[in-house]
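Below: a set of structures, written as structure tokens.
In what follows, subunit A forms one complex with subunit B and a second complex with subunit C.
Our next item is the complex of A and B:
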């Protein structure tokens, strides 16, 4: 018998020691698992006993059931993420989302960065709504430092944030179709997205990770050229959105696959912490812009849109309606745009007084909030971000049992999660 | 940049804040009335009301906040943990939303750092599960009664709690790495002594 060569495991020295002793005694190597998982290693079960009740429930297989890994490298997981689906034939029995493939420790990094440089770290969080990611920390730090952004800065903030929402929801329409096998809408969605992103690049200098918000204002003022480009974009934006609407909204196949699919009632959604368009599609009129008006939203006229279906189709319609609402808000903001400075007098390295601040904004995926604690030093003592798509993912194990595995991606796309934000 | 490293004020000074006259005065009075038996510390900010409680009572307090028709804090906006340093305590912070009051409600539950246990609130809001998994993963706070308390970001065999304040980033090495850190909380490092030994012995041979 040949002795097995093992690389010492720094995390589990006892395993290496056991292997050495077994080899010395002429025994076969120990099986890498024990108990309930013995013999199942080949199908992707974890090589350890279940840690929790829920894990035991998902990973214990009955007769006729098997596990299917969707991801981590899968075109429809909106990033790097794994859904472990327990299936019986084609019917999903249970789902376990496995996260962490994209974890970068952004909170910890922010706690070691100055207040200004935090803005660069939060950008790649939820990379389809970078402006929203920057908005919440900006508000929280202004509360901590006791400074207010000038009115023009607040208007420019609201403007870029709503522009960001337009392309984020527009992309959701495309991805919703893409995940169900329709290729055309995503192409139209990216035409729209590219136009908005060019527009945002002309004001912030960046196409994706904008780094535009500052404590006490914004980085650049909006000039005449920006407004003229905005006007050109405004004249044509509804065309690309409507092209997608014409393909999807009355499409018989699309309706057939989405109506009644993944129905989430209002109370369920609230208990699960689902927020944003997905919650409003279940009939709950919760919108942070109305519930706790921040920035200048108390000066704008708009109603909270809701749908009652609570299914994938309602969540899709909700996004379409909110795109038009955002364009309506952009019109108002441009009309009311005041003149003046865009940045308050703030030193480069700020040291707020000890204290704590909470700020929440309505991101395209829901309630995005920041809880920052200052201890008087140049960097936040604690910087906590609540990402809406992280919480929304908990709806998947609730909605999928009894449904076909092919519909998993349709339901997941309807929550529009972005893994950069989920994994932080 | 030397100025950036000036000593921080002790964590005890955190939370000392003037009691501002806030629009949420009615909520403060209501809270003091409803929770007279707990004698909570209530603070106000421009749009936040803060209640400090003992960690053990979190389920009871949150249930009362949610179910009281006049309070009606039906939505859990956020649940997060804060580490106040190796010699201090943990805090689990809940942010709640109610459609009746113009303020966020922040409930700060104090947790002992040596024995960080807390009852789970997944019975009140199912969606707190991921938040609690994250707090366990990042801070090592254990939520008793949770059905699914396992790591969520780090791999299952990871053994540190990266967001604790005594877990230092590699470029913080100047701040006395791992001084007084419990073995369980020590950042994972490769034991290099073996290689050093091998290198010195091969030198001796040649």
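Our next item is the complex of A and C:
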């Protein structure tokens, strides 16, 4: 929280000068004047007394500070995200994410759906990683119902999940650049993404919200045509990724704006509950695929990649490294793919015995887990999702104070939040 | 869905050049006689309606508003990138400001909390303007029809010109819808031109952003 203000205050240059002189003379900082509760007029919320201490802290303005509203409609690529930034000139003092603009009541809909149709509701949650959204409920319901998916189904699941991770991380590279003003990488990222989703559409029948996983297996088998197309894709996938890398990784402007920006230490990240690539970029080797192996990940060879910087650049490098790791995993999965059925014998409407089940998967944004309670009926009694974007978003108020307002979106993009998952 | 790029059959009737009376009026402008009759030169006169020219300009530069709500926004962005290049039809520059936009593509589930800001964006757009409902969520509520927090179709809030079905529609589907919108603009069908007096603009919508 005590990040130093790097550039002088443009509105009150004498204030920082006075602070510098006081510090040089060994005096305590000058006591803050002002501190009047500002209300919500300037950012358009209904005026009401603050409900929490945090709200009072954000919406109380010192002298020279003002509130700036960002969103929910804005040119960056994070959907209907809204931030209220408290700024002094160009410097962010505090930041407050306002959520709920995409709240669709998915948990409640899932509790009124049968176990199979839950898959259609969790799909649009984190819409860049729909396969992961379906994976965790599938595992949880299989635990509840006491059925195991056939081995070929598990391999196909791992295959489509890793394909999904490739295009999700690839898009993050593009979004990161787009939010900092570079248009070109998003074009390469979407070339890669369109290839992958066409591949996934050829196996699942849908381009984006796949509805592919079933309780006890997957919907369709992977045929020879699919593997043929997969091989074609595999031969050329690194071309677009490396093109983006060439544009970004050694780019002087990109490095200058990202190195040292938004540094999140490992202990801070763990205290906030940040998981996934953002946590591993801070040097903590936690990967659900390795720590709590699910599906077939215990049979595959891979190392947990970490970076030590903890800044935006490290989070970017972490994604790039994980794309290559996922491609490596896809190679292994295709080599080991067994033959056999892809769907266990499961009726259309299942009624598991009363009980509880928890399942966690490593989504491209971190630990995505579901918790399902069955009361013996055809619907889950309670169905709860833990989405990693929601948890990552709370790192923003920790990282932004003292930084420029133009860097807000760069730090935001480095966590790669998807608002469908945040608001559910 | 196959993309219909053919359109109506081309007009193959021979060009009829009107026999203009008062030839001297044209010669004095420095125009020469055309071998097939009539005149040509620096000052070619095209008698037409101003509205026709304006409609051609409007239909060939439909600039959408950059406002993605959820999943469909990714397919909308995909339609703007290299593979499905919507720029071919003059629809690429997604404007971030509603003052510069002609088309509002409502891409994604519209929730009750987002409804206020979206209506405000729609009212900020200058006339003439069009609305495209992309995906089943915006058409009818789609898979979230039974949800307590989802607006069941944006046509409850604003006039919609083109509905693009799909969950989400393919980028080709969106392009097809935008081409249908272009026909609609040229033929002056749909919700335009309707200069309805909407009364004073709402300013205190709950959850509104000012």
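By our rule, the second predicted complex is superposed on the first by the 378 of 424 C-alpha atoms of A that agree within 3 Å, B and C clash if a C-alpha of one lies under 4 Å from a C-alpha of the other, contacts with A are read in each partner's own complex, and residues count from 1 in each chain.
Please note the rule applied: contacts are C-beta pairs under 8 Å (C-beta built on N, C-alpha and C of every residue); 3 or more make two chains touch, one makes a residue touch a chain.
Since the structure is predicted, the reported quantities are computational estimates derived from the model, not experimental observations.
Participant: Of the partners subunit B and subunit C, which touch A:73 in the superposed model: first, second, both, neither?
Facilitator: In the superposition, A:73 touches subunit C alone.
Participant: Which of the two partners, first being subunit B and second being subunit C, lies in contact with A:396: first, second, both, or neither?
Facilitator: Neither partner.
Participant: Would you check which partner chain A:95 touches, where first means subunit B only, second means subunit C only, and both and neither mean what they say?
Facilitator: neither
Participant: So in the superposed three-chain picture, is A:261 touching just subunit B, just subunit C, both, or none of them (first/second/both/neither)?
Facilitator: neither
Participant: Check the contacts made with subunit A and report whether subunit B or subunit C touches more of its residues.
Facilitator: B
Participant: Under the stated touch criterion, which partner chain does A:112 make contact with: subunit B (first), subunit C (second), both, or neither?
Facilitator: A:112 contacts both subunit B and subunit C.
Participant: Give one of first, second, both or neither to describe whether A:193 is in contact with subunit B, with subunit C, with both, or with none.
Facilitator: A:193 sits against subunit C, while subunit B stays out of touch.
Participant: Tell me the contact category for A:291 with respect to subunit B and subunit C: first, second, both or neither.
Facilitator: first
Participant: Is A:128 in contact with subunit B, with subunit C, with both, or with neither (first, second, both, neither)?
Facilitator: second
Participant: Does the superposition put A:120 against subunit B (first), subunit C (second), both, or neither?
Facilitator: In the superposed model, A:120 contacts subunit C only, not subunit B.
Participant: Starting from the residues of subunit A touching subunit B, keep only those that also touch subunit C in the other complex, and list them.
Facilitator: On subunit A, the residues that contact subunit B in one structure and subunit C in the other are 46, 100, 103, 105, 108-109, 112.
Participant: Which residues, counting only subunit A, touch subunit C once they are in their complex?
Facilitator: 43-46, 69, 71-75, 77, 79-80, 82, 100-106, 108-109, 112, 120-121, 124, 127-128, 186-187, 190-191, 193-194, 207-209, 419-420
Participant: Can you list the subunit B residues touching subunit A in their complex?
Facilitator: 4, 6, 8-9, 11, 13-17, 45-48, 74-78, 80, 82-83, 93, 95, 97, 99, 102, 104, 106, 125-131, 138, 146-159, 162-163, 167, 169, 171-172, 188, 190-191
Participant: State the interface residues of subunit C toward subunit A in the complex, per the touch definition above.
Facilitator: On the subunit C side, the touching residues are 66-71, 73-75, 77-78, 81-84, 96, 108-109, 111, 113-114, 117-118, 121, 143-144, 146-150, 167-168, 170, 206-210.
Participant: What does subunit A use to touch subunit B in their complex?
Facilitator: 10-12, 46, 48, 51-55, 99-100, 103, 105, 107-109, 112, 114, 143, 270-274, 286, 291-292, 349, 354-358, 360, 367, 369, 371, 373, 375-378, 381-382, 384, 386, 390-391, 393-394, 423-424
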